[in-house]
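Both complexes shown next keep chain A, but they swap its partner, so chain B is in the first and chain C is in the second.
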Partner chain A sequence: MTDLLLQADAKTPVARSARGGIRWRGMLPYVFIVPPVLYLAVFMFYPLGRQIWLSFTRTRLMNPNRSEFTGLSNYERLFADPEFYMALQVTVVYSALAVILGVTVGMIAALALNRPFPGRAIVRAVLLFGWACPNVAASLVWLWIFNERSGVLNTIVTGLGLDRIAWLTTTEMALPSILLVTVWQVAPFVMLVMLAALQSVPEEVKEAARIDNADSLSVFRAVTLPHVMPTLQLVSLLVAVWSIRRFDIIYLLTGGGPIGSTSTLIVKLRQIAFENYDLGLASAYGVIGLILALTVAVIHALFNRRRQKRSQQ
Partner chain B sequence: MKKAFLVSAALAALAGPAVAQEDVTLVISNSQWLDALRGEKLWAAIKAYEEVAPNVTLEQEAIPSKDYADRIMTEFGAGQGPDLAIMQEGVFYSLADAGFLVDVGEVAASAEMNKTIDNAVVDGVTLGVPWQRAVYALIYNKELLDAAGASVPTDIDGLIAAGQAVEAQGAIGFTSRHQINDFSGWFMDFQNWAYGYGVDWVDDQGNLTLNTPEAAEAVAAFKKVYDSGIIPVGDDMPTQRTRFKENQVGLSIDNSGGTLNIASGGTLDSANLGAAALPFPHPGAHQQMFISISQHSDHPEEAAAFLTWLVSPEGQARLREASGPDALATDVPVTEEFATANPWAPEFAELAQHSRSTLIPGFEVETGQIMRSVMEAVEEVLIRGTDPAEALATAQGKAEWMF
Partner chain C sequence: MPHIELDHIGKSFGTTNVIRDFNASIADGEFLVLLGPSGCGKSTLLRMIAGLGDITRGILSFDGRRVNDWTPSQRGVAFVFQSYALYPHMTVRENIAFPLVMDAFRKWYHIPVVNTVMRWKLMRRADIAERTARIAEQLELTALLDRRPANLSGGQRQRVALARSLVRDPSLYLLDEPLSNLDAKLRTQMRAEISTLHNRVRKTFIYVTHDQVEAMTMATKIIVMNKGEIQQIGTPDQIYSDPANTFVARFVGAPPMNLLDVATARGTVSIPGGPSWGHEAAPENALMGIRPENLVLNPEGDGPIPVEVVVVERLGAETIIGCRILSDRRDQRFLDTDLVFVRVQGNPRIVAGTRYALSYAAEDVRWFDRATGAAIPHATALPNCA
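Presenting the complex of A and B:
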């Protein structure tokens, strides 16, 4: 009896410990999830919710805590303002071209760097400079490069016997100039990600295609591209969302001008919030930007689902 | 306003016998702290207050001028920010409108203030004291103008002729802000052109009038100068000032603060710098800066005591040394030594007699918003060649829609 009791006493802590271990292991995912959820709640979901709320209020920058609910009036003002449509158009055109050009240039650079050649590591490091360079510093450097009178670009242009180009001060050239800087910044990131994806393409599959007399273009189309497509789609989504919310490069290079030709939703938002002190209307602009970014994300998700269905068939 | 009695208490404390006081740190925000030479001099000037009040430590909040308005208004709006803010008139009016500034009427009454105090009185309450008033003038590089055989212009055609003569010598003819990415500075500079052609942005009834014949004439004059090729298109203002400092620019329209910056620390000898009246039929503008106490300050009495010292003869003398030719809160002449080394300085004092605020009367808080419409109209004229009257009519329409 005594022995039995002793055995029972001896086993109880072990059993408890095992149950505790199981419970602890069950809790473990939640323990890991709590910090990022808290972080997102404080720094993303709360500000986002507050922004959406502000867009339905009359709120001045000077008294952000004294909001007056005004329903849809900010949206009515926004949709009645021709400058909103211009900003929306500029945002869509800028973002679309940033994706097309940034991803194309980045992809071409990744394909070039995917082949071994002497000095490849150096070339890769140099090409990454645009991505590594802080946006404000890069913008100030580009301001000098674009300088009409003494900039590097116009020195080259006039050296070729052509007239100086007003890179940032004409409506025709301002957006292309900003796109040039954007591509210079974005393409290295695309290159880096796509290079990693290209290096994961199984060599034996490409080899098999070559044995079947497929030329380089066919190998790329039939083997490489399908393999890297999910990465390409993801990187396109990231570039699109970043472009919709890009502020620093545009603000520093042109401030949205000339004549609103580079004024995106986010540049307009700053103007309304900090020059007109109208946080309510500025928040409405922010919500439209959010909807735009979400639309891109939904399109990406739909493409993803379709691709998954196809691969399951 | 509710802290006004504390300001009175501070003044009484200053006048009374010295008692042991707790250590206090006063944070003072200003964009000028970042100016290469002027910032250090201005800071040294007010730091002298620590000798007078050993329990007080002054601490800088340095904010770049381009971000100053955005940042200070966000800080005040959030119930935070410095104890004292040194700011442009536009920001001052916005903070005053929001009720964030302390009544400093007693401080102002403690000194013999000049007319620069007038705009610090909002609805009968003094909400700040003048820090500096920087009036605009036409400035020129004497040697470059002499080498080009050009005389100091008195009208737009003369300005273009002189600028082109300087350009022919390989230097830059004339510098001026001209891009919307420098909006807050450009609109203030442009007021010289507007006022110079007799513009009043409001009529006798206080209604906005952006599309007057005078305004169209001012815009047309700016377009004429822009098209003449004497402006370094694409250069921002810091670059233009640096070029002037390095003897690369013939003429400019700049304020006294900017001119002091140009005359210091470069290859241009200050004695080689000239100043004259603006080449327009009427007087131009000035940029007014005020220093105010925040309603959010935990030390309003100490802040008021500091301001009282600042407007006293001792404080003004210290500030004068660092302010060059800018007009101050009281009439303190520049030193003889300064006037000899900087022969251009007296012209600014002369022009300050008739200069006007860059803010639109009755629309002080909304001036930035209104002037954005005007500057967009100017851009339209410069870049698309739109008729000035037509572009300004659009600006007028926008303003009517906004207000």
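Presenting the complex of A and C:
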């Protein structure tokens, strides 16, 4: 068929356009693939590769082009530093609690909004505000809310006859306060996604469970939860990865303090890179953060695979 | 087993009346089929009986007790959904055992971890495991017990849905178009299986369908519905032989009953612009109804109604012949009436374009009021045809 077209090509303009069509069709997938590949290469793979390379070098911020390969020395320094373990612990605790609390609150809000009640659209719009609000603006608003002297929270606390609380300046309260802001921001996103998933649960299966004598909680456990579980897992993965690399809220609210109690890997990375000018060590922190995020992604993939295997039984 | 009474039942969605003044009595062990076209309210009625939908008006009672406000589980019914509504993440075994596990479930089992442990224990409890295995065996599902619904065929899923409804031994089975997703062959097989099941368990079945073949083959009693109202209640034979109105006459039967708009006068029946023939005591202002199998196809000139064959449908065991009645007028070949269908046994050599004459026995004719469509009782029309 192609030969015939090629023969005809030499003689008629119609055939030439047909051959051009075949060529164009062959190129088409690459035309679509090239932009995202270029984007990822320039903005993701190159910086990632560069970061990994830098983590094996001694590089100063003042002269980043003069790198000296030092092998694993940055990692040796990092693993010998107690502050690294502190940052790692804070990152893990913060991310885990952000996932547990953010997803739980978001799920409860989605379940509430999944039932019809007057003013549901307004409530949904109000609840989405936290997610829609820019991080910096939200952080500044929360700084005012947490203000020890004039903040809304302490006004309420003193109104209840209790002592003022130093929300952001004590090691006991700083991380919970940051978690509160994180949940305020993450839960609306979780709610939105989970609401969409909840609305796709087949009504007939829920009715079948009710006929089978299941109470509301059993219907939720037996029908709703398994149906939305893939979405729940995906949302948890996203929240976990976002929490591992969250910088703006933590930096603006506490700057990683007090005494490193809210200093996550990413906050520590900024401090080492831009205050100590040590790009090599900062890159090693970045690689550890990357490994942490990848570990979460691998756990998610394993869960996914297990679920798929079970569904194929 | 409950005796079910539906007393002036009505259902409205806002200002739209879906079911109007529904009255019926369903005896113990009956296989009742709610038959009607899509959107006639039959599924809505079934859901009201199950407790899945509110009753707007009227009283639903089981054995004389008003059950309008009872929950589905309090009513002790089994419901087989059109989509089967199996629990997709559970195995066939877990699906079948689920109602039994829920019956044995206690409030405190909701405590996390306890829940998982107790459900695991309940699944292994001797009586639940034995009952699940027995029902699976009855419905030939034993080999599939550890599979999930996604890996079952339509017929197998249907059987799992039936097994799940059977396992609790309920007194009332409600089935909402359970065969509509199956192919024709499987539908025939499952029809027989459901009938056998009814004969074995001897419980009350209420079955919703728009398929008249399902209704005629399985029901002990049929309620034909249209636009939320009862058109006729009767046995399959009554519904087919003595339809209460033109809707039932046309809805039940394939091809449907032939309805001829005839003029009657002094013992003769005529079709305006066409043939006339003798038929004593034919009522005035009536439509003449006759089933396709009650018409006889004779050679041309050997019957009162001259026709020409326009379509022949050969079904193997029988042949459906569609005819047009010939006109008396020179400018018109056929009368402007619906096709008249004739059902003949076997596969006769009949081709389109051939002319024949139709005859019938007068006792096979049913008359319907032209204005209301209601059937005119037999006594009014004497059986005598020229």
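Please note the rule applied: the second predicted complex is superposed on the first by the 286 of 313 C-alpha atoms of A that agree within 3 Å, B and C clash if a C-alpha of one lies under 4 Å from a C-alpha of the other, contacts with A are read in each partner's own complex, and residues count from 1 in each chain.
Following the convention adopted for this analysis, a contact is a pair of C-beta atoms (placed from the backbone, for glycine too) under 8 Å apart; a residue touches a chain by one contact, two chains touch by 3 or more.
What you see is a predicted model, and the numbers here were worked out from it, not measured in a lab.
Participant: Clash or fit: how do chain B and chain C relate after the overlay on chain A?
Facilitator: Aligned on chain A, chain C fits beside chain B.
Participant: Would you sort A:Val223 into first (chain B), second (chain C), both or neither based on which partner it touches?
Facilitator: second
Participant: Check whether A:Gln312 is in contact with chain B, with chain C, with both or with neither, and answer first, second, both or neither.
Facilitator: After superposing on A, A:Gln312 lies in contact with chain C but is clear of chain B.
Participant: With the C-alpha centre of chain A at the apex, what angle separates the C-alpha centres of chain B and chain C, reported to the nearest 10°?
Facilitator: So the angle at the centre of chain A is 150 degrees.
Participant: Touch check for A:Leu252: first (chain B), second (chain C), both, or neither?
Facilitator: After superposing on A, A:Leu252 lies in contact with chain B but is clear of chain C.
Participant: In the superposed arrangement, does chain B or chain C reach more residues of chain A?
Facilitator: B
Participant: One more residue to check, A:Ala208. First (chain B), second (chain C), both or neither?
Facilitator: second
Participant: Contact-wise, after the overlay, does A:Trp24 reach chain B, chain C, both or neither (first, second, both, neither)?
Facilitator: A:Trp24 contacts neither chain B nor chain C.
Participant: Once both complexes sit on top of each other, what is the least C-alpha distance from chain B to chain C, rounded to whole angstrom?
Facilitator: Distance of closest C-alpha approach: 39 Å.
Participant: Return the residues of chain A at which the contacts from chain B and from chain C coincide.
Facilitator: none
Participant: Taking the complex as given, what residues does chain A use to touch chain C?
Facilitator: 202, 204-205, 207-215, 217-218, 221-223, 226-227, 310-313
Participant: Can you list the residues on chain A that touch chain B in the complex?
Facilitator: Within the complex, chain A contacts chain B at residues 60-64, 143, 146-149, 151, 166-171, 251-260, 270-271, 274-277.
Participant: Quick one: in the complex, what on chain C touches chain A?
Facilitator: Within the complex, chain C contacts chain A at residues 50, 52, 71-73, 77-79, 81-83, 85-91, 98-99, 102-103, 105, 107, 110, 115, 146-148, 150-151, 164, 168.
Participant: What residues on chain B touch chain A, complex-wise?
Facilitator: Touch residues, chain B against chain A: 69-70, 73-74, 76-78, 94-95, 97-98, 100, 172, 179-183, 232-236, 365, 368-369, 372, 376, 379-380, 383-384.
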